[in-house]
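I have placed the structure first, in the form of structure tokens, so that the comments after it can refer back to it.
Chains here go by letter, A, B, C, D and E, matching the order in which they are written, and residues are numbered from 1 within each.
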């Protein structure tokens, strides 16, 4: 489904992705973790070409992303992206947030798109908020709407960039619950997160990055309880300490 | 040191503080927790009069805050406040951030203030960053500078409003470590936080708020392991679940 | 070409009047802007009304009032002084708006942090708020300067011989009207364009890097 | 000059002031509308990837911003006929005001667009929306809110600038005042009336902008 | 104390002019105020034994300057009308201009009747004699009044914005040499009775000054200085080389 082959990327002179090799197959759930600035966001932003890679090859759903002639709209319609800061459209209602892309990218009829959107909102438990505006929702609710917005395009892959780290502790649970459900239903997911509970419950693999490199890959329990590298061990001890 | 007597506050028609009674004595460490919107921030913001109370009496270090004639500058010089978002001054260096108030409020000489500031920066482990600008620091480092800034006025009380919840998980530890040290040295502290580890380690009392009321007060271990009220129990289960 | 020295004299007068009133107007505008950002219930409507009247009436009328109506209240001013005064007052209203907006754009947390340290309001403004507000203030402020410089042409009505007036006076004597006004335009351009470039580059420098659309 | 302030004369000249007010209002509305179009186009050109187009737009914007409107009017009215293009006064005035305000509006719209948070744009990109769809459905609606106050400022400037058309014999508000002055030698009456009427237009526009802003502003959470 | 006392006490005669009207009042090559009216004003000041201060306003500033007391005398090419005289006192006319109709040489208009038609546009100067005259004699034509100098009207004519212009012939003849030769032609017959007065004006409570100005012109006519001024500035174009 996703295949990184010796992928490299620089911001100016900063080498943010350093020879990345990684494969994610359909239905797999991969958690990416690592210290701040290690390149986690950049990694998953490359998958839907929010960032371009500069060296190496990257295939997503068979499309070569290193090739500049590919159809980006088609690619992005297949991939949902959930941001740390939600980025809901503040001038649109919840329902309109979810139907915008189906109507204008998938060219669905408005009725049809709304039915679809209601179904997705139902799935994240927010069908009753369809007419509300984002500012009337709590952070956790906003993030769930953002997930519904991603789902509405019926993507083959869902990407999450620290979806819970802008949330109050009590709201983290409700968002993770939605993500766990999606994972269990077989969605292909790449998730940047430090939520160990989530990783242990549903991730097939945990990837640990530092300074633009993938340092370690492993099953969640094995990774958290028994990390191979010193850096990973130190990182885990830090996020566990308090 | 701090004494709330039937304190009430409204925002418009919203009753955010409802008959608060609370005493904090010198050297005590109090942790405040509760769901979002329950009035925690408002409560501690009243202590240095960032918010004014509308009914009841509030004494801080002997000064009656319900009285509008008190000397605010004097009051605030005695109280340090650490914000969730750090609020360092982005146009000043770390050292200048820390020396600003000592120079202009305490009327210290620049040299003297700098020596003091270096001592405080040392205490939070950032003496080597004195010449850096806030944007060059990680979130955890910024928050530690903010603590040093508070300490530089040699306050009698330190207030913290969710000091770690805007931080990446790996940085939470370094900030909590500084706070634990302060607590152990006998500083009077009121801390809004959901960090159970911190509360258990150093808090003398945990206060649980909901809907503007203090619902429960207790020793940390007793509160977290065996909450008396249903609301507190539910809240604790939520923040523990993931 | 023998008219050129005359034009330079006009240009000099334009620079003089604009320069003096920009400096004074900036000081007054900052003062008003700072007062206004305090949201005082008494002062604010007053400043608001002042700004509205200044923005809502033609500058020529303001100049006439200063020059021709003030004398009724015993204030007789030379044309130059009246021009500078009128420009200062008008400019300060516009600058006040820019400054208020700049101050309000500084995150509330900066006010809270500095007041928590015990700084008084003036210290907060001086050391914390204004230095940060300058980022938002500077680009439109320089842009406003250009507008004010161009507005200074209005004071020719009360007999100040500045650049535009020189244009009109010259056009009486020589036939090449278009040439005269090209020259006037070129000279205004010579003062304004550098300022506009400064404003643009300030805007580029002071606003954060952004994603491309 | 104020001693014998004559309201009667002002009343006597009411039809002249009416005509002036009407013309100022109409000219302003039409020019403002056209200037909005010109401004949005110029802004689009300025933000476009095409270097040539961008250059043209920057040249237009900066040359307009750094020269006085008076000179621009003079050029259109007396300069264009030498090239064989003759446009009547009112149209010349509208054209001049449109070109002039268009340049400022282009900058205002650009500022509005660049104020939309980057995350909004990325969210749009990630949903597969095209450039124009993002502009149309995400960026412009949000930019609109921020643009209203400076647009109001520009509209007010435009209204007052239309006074310069008196130079080329358009009877607008300022000219009506000048005519009263010239026929009756009553400058105080003339310019207080004119100022008051401009102020009326100003408050009308201000009210309009406050109203539309209430409908257009959104906060990102 | 009267106005004159004040002028003498002040040691300065303040005269408001509009420097857009060669050869009456304008700014010469060296940037100095000069012209027929300025010379008269200078002579007046000299005979009062005070200094002259020339205040140079835009059209909009002239009348307020007089009314607000910034200036003592208004020396502009203004025609006295009864309505205007309600606000200021006009001195005796010191000169008569002859308003004329002018048009492009190639234009078909020949007589006043040709021009007095709704489809004809007439260009005049705001507030000038020409404006009053045009309203009186060409009531059917459409009038556009410009601000600034007489040159504006000729320019508007040649640019095609108006069909004919009305201004005093002196002002027209004065600027014609600057335009392409033979491009503009004057109607042979002058408008009105051929003579329209120009007057200086003072505030109406300054009767002493009013009398003094009248007496001045009477004296000047008698001692020949009037003749000298007028023939140099208004009846020849010799000044053009010198200024």
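Note that contacts are C-beta pairs under 8 Å (C-beta built on N, C-alpha and C of every residue); 3 or more make two chains touch, one makes a residue touch a chain.
Please read all numbers here as calculations on a predicted model, not as lab measurements.
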Intersection of contact partners for chain C and chain D: E
Two chains sharing the most C-beta contacts: C-D
For chain A paired with chain B, centre-to-centre distance based on mean C-alpha positions, whole Å: 34
Distance between chain centroids, defined by C-alpha means - chain B, chain D (Å): 51
CA centroid of chain A to CA centroid of chain E, Å: 82
For chain D, residues contacting two or more additional chains: 1, 78, 82, 122, 187-188
In chain E, residues with contacts to at least two other chains: 60, 64, 67-68, 148, 155
Residues of chain A whose C-beta touches two or more other chains: none
All touching chain pairs, where touch follows the definition stated at the start: A-B, A-D, B-C, C-D, C-E, D-E
Chain D to chain A touching residues, read off their complex: 117, 119-120, 122-123, 125-130, 133, 137-138, 141-142, 145, 218-221
Contacting residues of chain A [partner chain D, same complex]: 48, 50, 72-77, 79-81, 83, 85-91, 100-101, 104-105, 133-135, 137, 139, 142, 149, 153
Partner chain E, residues of chain C touching it in the complex: 2-3, 5-6, 9, 60, 64, 67-69, 71-72, 79, 156-159, 161, 165, 168-175, 177
Touch list for chain D against partner chain E, complex: 1, 77-78, 81-82, 86, 88-89, 166-169, 178-179, 181-188
Of all residues in chain A, those that touch chain B in their complex: 35-36, 138, 165, 168-173, 176, 194-195, 197-198, 235, 238-239, 241-242
